[in-house]
Amino acid sequence: MTEIKVKVKLKEQDIKAIKEICATFDNEPGNLINCLQKIQEHFGYLPAEVQEVVAANMGVSVAKVYGVVTFYSFFTMKPKGQHPISCCTGTACYVRGAEKVLEEFKKELKIAVGETTEDGKFSLSCLRCVGACGLAPVVMIGDKTYGRVAPEKVAEIIAEFN
Amino acid sequence: MKNVSLTQFQLNKMALIDIKINGKEVKAEAGSTILEAAHTVGIEIPTLCYMNLHDVGIKNNPGGCRVCVVEVVGRKNLAPACVTEIMPGMEIKTNTIKVINARKTVLELILSDHPFDCLICAKNGKCQLQKLAQDCGVREIHFPGEQSTYKPDFSPSIIRNMDKCIMCRRCETMCNKVQTCGVLSGINRGFTAVVAPAFEQDLVDSPCTFCGQCLAVCPVGALTEVDNTPKVIRALADPTKTVIVQTAPAVRVALGEEFGLPAGTRVTGKMVAALRSIGFDKVYDTDFAADLTIMEEGTELLDRLTKFLNGDKNVKLPLLTSCCPGWVNFFEHQFPDMRDIPSSAKSPQQMFGAIAKTYMADKLGVKREDLVVVSVMPCVAKKFESQREEFKVNGNPDVDYSISTRELALLIKQTIGDIKDLQDEDFDRLMGESTGAAVIFGNTGGVIEAACRTAYEIFTGKTLEKVEFEQLRGFEGVRAGKIDFNGLEINIGIAHGLGNARKLLEDIREGKSHFHAIEVMACPGGCIGGGGQPLHHGDSSILKARAAAIYEEDESKTIRKSHENKEVQQLYAEFLGKPMSEKAHHLLHTEYFDRKKKTIE
Amino acid sequence: MEKIKNLADLRKMKDNLQNKIDLREKSDSPEAIVQIKVGMATSGIASGAKEVMNYMIEELDKRNIKGLVLQVGDMGYCYAEPTIEVTRPGESPVVFGYVDIAKANEIIEKYIKNGELLDGILPANYESIK
Amino acid sequence: MASYKMHLLVCGGTGCKSSDSMLIVDKLNEELKSHNLVDEAKVVMTGCFGFCEQGPIIKVIPDNTFYTKVKPEDAKEIIEEHVIKGRSVKRLLYVDPKEHARVSDSKHMGFYKKQIRIALRNCGFLDPENIEESIAREAYGALGKVLSEYTPQQTIDKIKKSGLRGRGGGGFPTGLKWELAAKSVAEQKYVICNADEGDPGAFMDRSVLEGDPHSVLEAMAICGYSIGASKGLIYIRAEYPLAIKRLKIAIAQAMEYGLLGKDIMGTGFDFEIELRYGAGAFVCGEETALIHSMEGERGEPTFKPPFPAVSGYLKKPSNVNNVETFACVPVIILKGEEWFSSIGTEKSKGTKVFALAGKINNVGLIEVPMGITLREIIYEIGGGIKNGKKFKAVQTGGPSGGCLTEKHLETPIDYDNLIAAGSMMGSGGMIVMDEDDCMVQIAKFFLEFTVEESCGKCSPCRIGNKRLHEILTKITEGKGTMEDLELLKSLSNVIKDTALCGLGQTSPNPVLSTLNNFWDEYLEHVVEGKCRAGQCTALKKYIIDPEKCIGCTACARACPVNAIEGDKKMPHEIKQELCIKCGSCYEKCKFNAISIK
């Protein structure tokens, strides 16, 4: 069960921004996924209120938008941390110990996968293969890629952002 | 409007091809599925998610449950019979150990993610999953494991217990394709995938119309109606309360099915006898209120028409009927800008309630608070309607409890067991008399036909020679008819199923509608196909039998025009004055609300 | 940018652009063409190896000979610098000493083009640098 | 134009880029400038060299010197030593894992020796952001040839004769697929490129798009001409920003040059390409799911037929091929179908790109002729197992595939042999495992993936895979029974037979394949309660040797659950039923008295 408790009050300009993005896709329901991606780029996440505006503009039901948002792992309804941490758990990283690295991040940040630290600084997620298998195990923080991450190095990496 | 896909479907089916089923040479129509082809030779392949609504032209065949898999020679895996088209020379085996084992395993899997409370489930005995498990001889579940759980959702009409959902997606099809309400969608994925409203919000917070078509097709107990029978039983047992009951027209032609009678059996008299036997103080007829509705709505139509003919540019036409609570919810959510077009007349259920708790309470000498009004409806949206704030006086609702046809059957079973052997009885008087016009409210097109019978005579001053307006009858989703009002041609539109209603509303919004009056019923078939009726599982022959029974009941009545109802006339004379009088307006008319979410504007 | 109007246009354009990647194309299959290694350690540069190398690159191109000019470090023939090593496809390498522009011209015309041996070949007692 | 005597090719693939290869380019350019060498040597950022293990990579042309693990600060030395003095920087040369010697150039590296590069022919060779380099290498030459010399049917026939099969997994003959789409009659048709590479551990499509986008665009146009489509769509993972960027540049450049767009090369053929982004759903690699996703729907597959060739995107005939398949097409046209079909085995022609990863020395992207043996890949190209450990298995085909073991080392690799061995080609992930990998855990890992990625539409996949995962978990926790092993097998077979789409039908493969090849290991878990790889924590047993224990109590104090008992100065004992296998005691013991069994 997904717990959605982020309540957002959209400002006038937010609604305008969403409308404009939808318009660049001709408000065409077929472009829903491309459109949601652009909007997530803009807001960082897709709270319920945003989805409602998207649905109204694209002429589809809110339930459908939500159905799409919950289907694709790229979409999130929770704001990500300032520094989103993604541990690659692709096969190559897995056989080179990605799980232990992930555990270490969980321990260090005291959050579970899919959560954000209380101060909003870090969020933790898993992804499947960034294609840098030569550097396995790989962790991405924002746009930066860390390769050959050993569990012992995790604290050090986090410290870079503190 | 002919359904195009259906005609194409029929065309494709012209040619016959040779196939083999279980070793037997069979000729089957090209373009048909294995399931259909097998059926023609008497081989039934079990299905679960599959649902074919022939008359609506909609199939729900996601091929998701995989219960209908069969062997096709030359194919490496099993084929789902419901979506696999037959090919010339195809050799199909439905009886091999591989098929039987796969089907059983798939069922075990589905059961392993399904609560085991069958004995106390609302669908016990009517559950298609239960029946399949029984038919396929599942005696053990080899794969116990985690079960998916979701937040239960209780609305005034519908209970969603998605722990029981098997992802057949029938409800989603009804909600989106047939009714176009867009409330439900598949959400999440994998093991946590389920059908739900946006953000898994409760139905009351969603644009749900409570038409109940979703629960009418749910093969399991995931979607059920709120059971009001315990409250009714408690009221009946309370010596301080006078409990009266009204029964809608569509109930009497379907109730018998719950007791094993063939579809279309009219059980009006037995139903009345049963209700009295259960202990209701008075057994009245919603049909009485239906006649009353025609008086009000018919007058409103004539009023608008007259204004229109006099050149009033502000008059709103077409007039839309407002008897159907699912439909009312629909336009309040989806077309709030057009909420001044429907008739302001309340539905028969609520007219009955309003009169019962005023006029009738006085007649019976009972205080409003001590009078309990129960309604028996083919509908689950009626539950929601009865709880609307505008239909309460100081918190006391005009209709206290609305129960469905299925709940009535349950109530009967709990109290007196059966109806089959009861002697027919008649309704109590003074809100029990009704005309044939009121009876046909149960069918699609019935309300507008009834309105025409009255409006014609009042408008033209002439007597109708033939009261049946055949052109308004039928099962097509959108129908149109022209009635000659003494040289004035009145254009009538009819839609049943909210998807069809949407088309007519969009035409009106775009100024393309040429209709003067439109009847809309939320459920396909009208009330006889309501969400509270005995489950028909998409079998349209059942709906047709019920519809025929409604028309028979109409024909059996001596009075067939609402304005000739003596009791209604008496009510106006003694209490209301005339149709659309101030008192009538206060008690029998309502207003509509904009329920569209405001955050979006 | 003028649009490419037909296949001939495209082919012409390809030919014109060829030199952009020619070096890479040739080094992708060096064994199929003549390889010329020029010793370019400090002493080689001082004795004019750079000029020889440039001359070789330009002249091979001008004379339409498919060849690859590589720069290598010290070849071990300090006494005879500038030195170049020429490998014709499928043949053993041959090292020339005291190569100046004139000598280079001769090497191209006689040895590279026709395989004719000429003066200035150094004994093959060295270890080629790869 | 300056005639450069040297090109410095710097890998600009995602792997190398994330190790600062951009900065290396800047530094090299700075150094060239300061030494006044900008007319003599040129720095080119190219696509992926495939040798990701050792990135960032610089290859110096013309001598093919191959520098590995280059750091920005190495730029100065490379320019001063190599460019000016012609001496290679020895310390940056690749070290052969077997010979332990430095290798001078790529021509002598085992990694490249056995490779034949067709799909990857331009990766690590061209600047993907410069269409002129591609044109110089005959890009769009095949399209021009097809448009002016062949009819659509002739083109299809050539692809058919070449024997090219879909590189995305199934191996369906590409020419046949095109023919089906060509035969469908419709006003609008679509060419769709499946670039939703979701297989964890495979990244060839991304490398092709990053390193050689034009070959894919060209092939899509060729396909469009063949089937009668004027519109192409590339469905690409949003997680591939670099590939998206390069595709956008490539499309814009091709439009500018008139190689895409209206009236291409004056032949009257129109073809346009648009991008559509995938949003993270493995199942969208399945073509019907992909199409629904492109239509803005949940990516749930639907039953075939109708095939996309008849009713695809927006219900119009559509041809879906993956990136690697498309990348082979222009070469086939230019070099001829006979040339292509001369490579490979009887039923699998040409080459296949594999992403070699896991416990192997040379992790990277390789392209090899079909029919090469596993041994050649692992020991010659891959340079053997990391840290000298023992080879155990190779997992191919990702979550839909299975394991190949020692007994398959000599099997020629092609579509049919892999299926016969209980695995499949898949998109070409090859994960090498050594003796430290527990095969039950591996099966569990893949099932976890499938459970997470199942769309949930059909019951066998939605519930069945969940149950498989639960049973596997039970086994790794030491609670498995013999009956569980039977259930694993029978359930797997039913899922294979009944699931709706390719993902579901193949999802039990990792289980079946490990059951077949490593039955003993499963038995050990169930019967002996033992995990030979030591990966199943619950099966580890910590035991104190009473001979060695001096009773210092350090272990007992470290134990978080008080599972260790014993008097001071007396040998201690671990109560196995309380032990949570955390390993604290093991770490604390200074006398090596605690062993793990």
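For the reader, a short list of remarks on this structure follows.
In this document, chain identifiers A, B, C and D correspond to the written order of the chains, with residue numbering beginning at 1 in each.
We take it that a contact is a pair of C-beta atoms (placed from the backbone, for glycine too) under 8 Å apart; a residue touches a chain by one contact, two chains touch by 3 or more.
Because the structure is a prediction, the values reported are computed rather than measured.
In this view the innermost chain, defined by its CA centroid being closest to the centroid of all protein CA atoms, is A. For chain pairs B-D and A-D, the one joined by more C-beta pairs in contact is A-D.
Relative to subunit B, the most remote chain by averaged C-alpha coordinates is C. Centre-to-centre, using mean CA coordinates, subunit B is 54 Å away from subunit D. Rounded to a whole number, the gap between the C-alpha centres of subunit A and subunit C is 55 angstrom.
The mean-CA centres of subunit A and subunit D are about 23 angstrom from one another, to the nearest whole unit. Centroids of subunit A and subunit B (each the mean of its C-alpha atoms) stand 43 Å apart. Within subunit A, residues 60, 67, 71 each touch two or more of the remaining chains. In subunit C, no residue touches at least two other chains.
The set of subunit B residues that touch two or more partner chains comprises 186, 188-189, 192.
If touching chains are joined by edges, the resulting network of the protein chains shown has some other shape, matching none of path, cycle, star or complete graph. Annotation, chain-chain contacts: A-B, A-D, B-D, C-D (touch as defined at the top). Looking at the complex, you find that subunit B touches subunit A at residues 149-151, 176, 181-189, 192, 196-200, 206-207, 597, 599-600.
Within the complex formed with subunit C, the subunit D residues making contact are 1, 3-7, 9, 61-64, 85-88, 104-105, 107-108, 125-126, 132-133, 135-138, 140-141, 144-145, 147-148, 256-259, 265-267. Taken in their complex, subunit A has these residues touching subunit D: 28-34, 36-37, 60, 67-68, 71-75, 89-92, 94-96, 127-136, 138, 144-145, 147.
The part of subunit C that touches subunit D in the complex is made up of residues 1, 3-7, 9-11, 13-14, 17-21, 23-28, 30, 38-42, 45, 53-54, 57-58, 61, 68-74, 130. Of all residues in subunit D, only 14-15, 18-19, 51-55, 198-203, 206-207, 238-240, 276-282, 293-299, 314, 355, 357-359, 363-364, 395, 398, 429, 431-433, 437, 442, 445-446, 449, 455 touch subunit A in the complex they form.
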